[in-house]
Amino acid sequence: MISKLLPNSIKYDGSQIAPLWAYSMGIKGDSIVVFHGPMDVTPENMKDLEDRKAGETIRGDDLVHIIVERFDSPSSMRLAYYMQRLLVVCIKDVLETHGIKTTRNGDDLFINDGKLTVSIASAGVSGEKIHCGINITTRGTPREVKTAALTDFGIKDWRTLALEIAETFVHEIEDIEGDIVKTKSL
Amino acid sequence: MISKLLPNSIKYDGSQIAPLWAYSMGIKGDSIVVFHGPMDVTPENMKDLEDRKAGETIRGDDLVHIIVERFDSPSSMRLAYYMQRLLVVCIKDVLETHGIKTTRNGDDLFINDGKLTVSIASAGVSGEKIHCGINITTRGTPREVKTAALTDFGIKDWRTLALEIAETFVHEIEDIEGDIVKTKSL
Amino acid sequence: MISKLLPNSIKYDGSQIAPLWAYSMGIKGDSIVVFHGPMDVTPENMKDLEDRKAGETIRGDDLVHIIVERFDSPSSMRLAYYMQRLLVVCIKDVLETHGIKTTRNGDDLFINDGKLTVSIASAGVSGEKIHCGINITTRGTPREVKTAALTDFGIKDWRTLALEIAETFVHEIEDIEGDIVKTKSL
Amino acid sequence: MISKLLPNSIKYDGSQIAPLWAYSMGIKGDSIVVFHGPMDVTPENMKDLEDRKAGETIRGDDLVHIIVERFDSPSSMRLAYYMQRLLVVCIKDVLETHGIKTTRNGDDLFINDGKLTVSIASAGVSGEKIHCGINITTRGTPREVKTAALTDFGIKDWRTLALEIAETFVHEIEDIEGDIVKTKSL
Amino acid sequence: MISKLLPNSIKYDGSQIAPLWAYSMGIKGDSIVVFHGPMDVTPENMKDLEDRKAGETIRGDDLVHIIVERFDSPSSMRLAYYMQRLLVVCIKDVLETHGIKTTRNGDDLFINDGKLTVSIASAGVSGEKIHCGINITTRGTPREVKTAALTDFGIKDWRTLALEIAETFVHEIEDIEGDIVKTKSL
Amino acid sequence: MISKLLPNSIKYDGSQIAPLWAYSMGIKGDSIVVFHGPMDVTPENMKDLEDRKAGETIRGDDLVHIIVERFDSPSSMRLAYYMQRLLVVCIKDVLETHGIKTTRNGDDLFINDGKLTVSIASAGVSGEKIHCGINITTRGTPREVKTAALTDFGIKDWRTLALEIAETFVHEIEDIEGDIVKTKSL
């Protein structure tokens, strides 16, 4: 699994959840790509129908964005969500090493009762994809939701954090793959 | 997913990892079954070939045993391991609510540098299975490994803990299933 | 599997075969949804290319509509059609308890030589879907086809019939699931 | 799908449910094989754990035996059972054309309240298999179960019946395959 | 697998890679369809993102076109590419019997250092598809690529060649299927 | 995919086709392992039932043995055989660079009309496996079959050849994987 940080700000509008988006960034293969930038997901790019029905806004002025793609034949929506949960666990673990204690509820992380992250997983014919956004700032986040953000808890450098998350996730996935190849089937 | 606690002590010898073991206990369907008892895995029941090659002993005088079965067509060794990692995360989270801080490395939990758990996942044609054992006592655990145990950290009642773990895991899985059925594919 | 009757008349135009349509009706999970209403399938919603090529009209002034959705990772077009055949068998069985003898040919039911039903099955990345329509009246059905309808055979109350069909199908599917979890693989 | 009648009596002891049994009979490919003979399933060949746990006897002096094999990559226990249900529906339909009215409950057929059939489905890595036995005589069937048999209802010639069932099932399966190849995915 | 030669010239614009295209040509089932005609793939029909990114032209005035479709539940992008490689090997083998020695590099065939073929494979929910085009003439092929063509090496009759390729491929696939049904699983 | 040459002579008795055999040789992950040694496949290790039924002997005094393992969830017997065909094509291509012209018929290579190779593919729950043996000498091969061997055609050094085959196959597989990750689904 390739790990890559894109240094420039990129707006996440939900189009990046499409298969092969990473390829358009020059990345070929299973990957975790991290960057930062604002978020404003257009309704047609909302994969979670609950959000779309509710007419929710998925917004923020600056977030760390994490995009995971795994090529799979056949692909599995279920595996996409299991993988997403592990990604969120990795984020939680890394934040803890930075002294930020979060609570996980499904695929959401909270600091106290402020929502720190948004996330979606899905699958297409060619494989699984995950997006997770971590608020760098609470500016621009929806008013109706109490949110939390990294800068309010002393994280100045999103790059270091993002790279640690990517590294932790890659290690997690490769550790699983390493277990698979030494296990007898039932 | 059915959650069931078997009150009597049962020796875990590795045969319980076989498909449909829960059915022989009267449990019909996807399940998480918890019980306690000694552990002594016979070499032919070792699914992790690393253990078998090393001639390892997988032993202990008393552990909480957690057996998960998920029926799946077709089944997936990979999903088995993703599910296992989430089970171990659930155990970690529940222990934390009991004031026991553990460190996770793949599918192992440690207290300080003492190994608290053993775990294996695998798949057969009919579905996925997971075993995780949590030391209640360090007695009977292999001498060559530094181990940790629940009783040394103040857990007197394995039942309460086991039920909380089972409940947390069932909630985690059902939360994932709830996400799947509201997600558009790519 | 959730069984739900929608009391109001809804026009079936083929858009209801899309994944997650039931979710837009407030139903979350595997489901069989029944309602009644006219039918006029637009060409772009025809999944059976034979119909589309032939420029066929798929129409009627009032039918019982049955929509089945099963979430599946990975999904299977084949399973969709096997499930559809069983749905049609369930309809046949329920009609027989109401004194209506039908003949089944694949996924079509006939009374004498009048076509009583239309049906399609298909699959997307997220799972399988089935539609089956049962003519309440022959009014509005294509002229070039001899059709039959429930009202001509004494069925006044589509609701009772529809609920019995849904219940029978749910029982059939759950009976199969119950067999799966007690069967050893080969 | 190859349809073949083996003229000689063969005892069904459950070993015929193993993958590639038909190959040992000279049949290469997906197949439905019919023959007649006694039945006495040994416990180790019982795939239904409910039967095995109950210490049931699965016996009879003479039955029509139907063995279906479908090669599949990957295979599916679920598909095996859906296919089995359709096989039982085909048997029911053929019996009806011979003036024998049966009631189906899952994978069992009854005449009045006498059990006419036994059946199991399962899957291995290479594909799906089904066995269904239809009592030609009630002799030798378990005493604790009320059974029914073909000869008591005027069927003298098991061959004609068996061939009609095989033909009906092959037609059903090929009809499904014919639908699959003209259906757009969702 | 159905093998069919369409005698008329058809322009390949990439739309023929869509599932069920063969059905619109009256072909029902797994198939290899061969025809000839010009090629000009529109960017939205380019499945290989490398080509699309590079703004490549995929063109020629006259090619033999081979379209393979395999219905599959679930389908597999990986199998699509394995099948494509075998198709290209079959083309190579047939050309060799006509005295034309080619070199294969992945899915490309070269005569000396002139590129003779273009090819793509992909999968949708309903199955796998492959296109392979063989230059009949180098006219109209992209200027920036050195190309080779059948007519320059003495092939006058594309029909004979195309039919031999189709026949060889069908034999290859059926030979594999014949092996599958006599092989014990592990 | 790991490529490894085992320098010592190892007798191939068919047990090496079992999943995770390479792991017992210290190889962890997808692999192609090459070694040389005699061959005498015991009937219980024959996966091709045609061989077993015929009471065939699968023997030789010295062969190059190639063992491929690919971990896969779910696994596919079909993919195993497609992969095997490509392995045999790679062997053919490498031999040709050494001036040895072979003819391929399915998974068999012939020099003139002498059979040079034996091969089998199969799948278990954990993945796919392939064995291919190439006669170094005709000594010890079955009398009833006309065989060919490398030494009769000037190959003195099996190691060089084996490594070239392994390298060619690894390149082929990785080339396919590289195509998968740049292809849009249908």
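The first chain written gets the first letter, and so on, giving A, B, C, D, E and F; residue counts start at 1 in each chain.
The criterion applied here is as follows: a contact is a pair of C-beta atoms (placed from the backbone, for glycine too) under 8 Å apart; a residue touches a chain by one contact, two chains touch by 3 or more.
Just so you know, these numbers come straight off a predicted model, no measurement behind them.
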Labels of chains that are neighbours to subunit B and to subunit D: C, F
If a chain touches subunit A and subunit F alike, it appears here: B, E
Chain pair among A-F, B-C or C-E whose interface repeats that of B-D, sharing over half of the contact pairs by residue number: C-E
Pair exhibiting more inter-chain C-beta contacts, D-E or E-F: E-F
Rotation angle (°) superposing Cα atoms of subunit B on subunit F, nearest 5: 120
Interface residue identity across copies subunit B, subunit C - same or different by half: same
Separation of mean Cα positions, subunit F and subunit D [Å, integer]: 39
Inter-chain centre distance, subunit C versus subunit F - centres from mean C-alpha coordinates, in Å: 50
Separation of subunit C from subunit D, taking each centre as the mean of its C-alpha atoms, in whole Å: 27
Sequence positions of subunit C contacting 2 or more other chains: 19-20, 23, 49, 71, 73-74, 76-79, 123-126, 180, 182-186
Graph class of chain-chain contacts, one of line, ring, star, complete, other: other
Pairwise chain contacts, counting only pairs that touch as defined: A-B, A-C, A-E, A-F, B-C, B-D, B-F, C-D, C-E, D-E, D-F, E-F
List of subunit B residues in touch with subunit C within their complex: 19-20, 23, 28-30, 71, 73, 124-126, 177-178, 180-186
Residues of subunit C defined as touching subunit A within the complex: 20, 23-24, 71, 73-74, 125-126
Residues of subunit E touching subunit A in the complex: 49, 53, 74-79, 123-125
Touch list for subunit E against partner subunit F, complex: 17-19, 46-50, 76-79, 81-83, 85-86, 89, 93, 104, 106-107, 120-124, 129, 172, 175-176, 179-180, 182-186
